[in-house]
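Each chain gets a letter, A, B, C and D, in the order it is written, and its residues are counted from 1.
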């Protein structure tokens, strides 16, 4: 089962500068064979459900190892069985409908 | 690693009545040894990360088996290592601070 | 237009104990004539869209006044025009379908 | 008060093809003077809180006018008072920390 995920990870108890933690997770995702696409409010990844979820768990573990005491993640997670989905196709589908 | 999760599952392509799908997932969560707490906009569960995630995956699989072609889930997911967390303690902590 | 909302407010830069901020927002919601229903991972409110959104803005303003430098909110927001919706009816609809 | 928002709008009761509705909201956001940045799982906008929220409401209204009976939106919403925030700065801050 393929999953498309949008992950927003909020480390708590480490002040206001969160970018180094976001960057650490990007690296974790890449190490799991995923191609993270960073955006201003999260990171999009797609792949087999188990791979995506293993990467997310590894990201929480990594951040706790870095000293983050508490993490609040918001995850948007899509699966479908009617046809193969991809982030690229989702984007293209909307962009085709935008008026020039 | 313990996780506290708030799961909002939105089945797509099956019309407007979603409650039977939400109920099916409640049952899946219970079968996984979790104690789901339904609220008006989702379901709260807590437990070992792997158990919580296995239950979530089983819920997506169950709904697809029931004929749901596409699912959009929103997940709030908390972990912490400074102390043991529980949903009961989170609730109590806020309620103690509410003015009578 | 009526809205049903599930609000999870995460204050950043104030350490790990967030319950006093959640409690402050509960009070703000009540002062706006809403009946907040606290759960382990957020607060559910329902009412006219403008009232709900005014309450949410007042909550952010209140927390910033209390010294919170940064806030990350996750909001689930539902509207429908096919029939009158209520949180009570949503809950009942699922509960009726749960096996005893 | 400036807000940075990530909006994921899910129209219910209109089948599985949602891109025309997402595109309609992009247009609404632009008409409100915002510069929507579409990504695979939502749209990022930033601006004055009231402008952002007026645009979100107009998007719900537009979709209901188009015949969507029910809408489930997931919104990530950030405000901060310690310094001026921008989506561009958020992105740059993470990208600077990514290993080459």
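Just a few scattered comments:
Assume a residue touches a chain if its C-beta (ideal position, glycine included) is under 8 Å from a C-beta of that chain, and two chains touch if they have at least 3 such contacts.
Everything quoted here is computed from the prediction, not taken from an experiment.
Between the chain pairs B-D and A-D, more C-beta pairs are in contact across A-D.
Taking shared numbers over all numbers used, the chain A to chain B interface scores over half, which places it in the same class. Relative to chain B, the chain whose mean Cα position lies farthest away is D.
Distance from the chain B centre to the chain D centre is 25 Å, each centre being the mean of its Cα atoms.
Computed from the mean C-alpha positions, the centre of chain A lies at a distance of 19 Å from the centre of chain B. Each chain gets one centre point, the mean of its Cα atoms, and the points for chain A and chain D are 17 Å apart.
Of all residues in chain C, those that touch two or more other chains are 12-13, 16, 69-70, 72, 74, 76, 78, 80, 82. If the chains shown are joined wherever they touch, the resulting network links each chain directly to all the rest. Listed in rising order, the residues of chain C touching chain D in the complex are 1, 12-13, 49-50, 53, 57, 60-61, 64, 69-82.
Residue ranges of chain B in contact with chain C, taken from their complex: 4-6, 8, 16-17, 19-20, 22-23, 26-27, 37-42, 44, 46, 74, 76, 78, 80, 82, 87-88, 90-91, 93-99. Listed in rising order, the residues of chain A touching chain C in the complex are 10, 12-13, 15-16, 18, 69-70, 72, 74.
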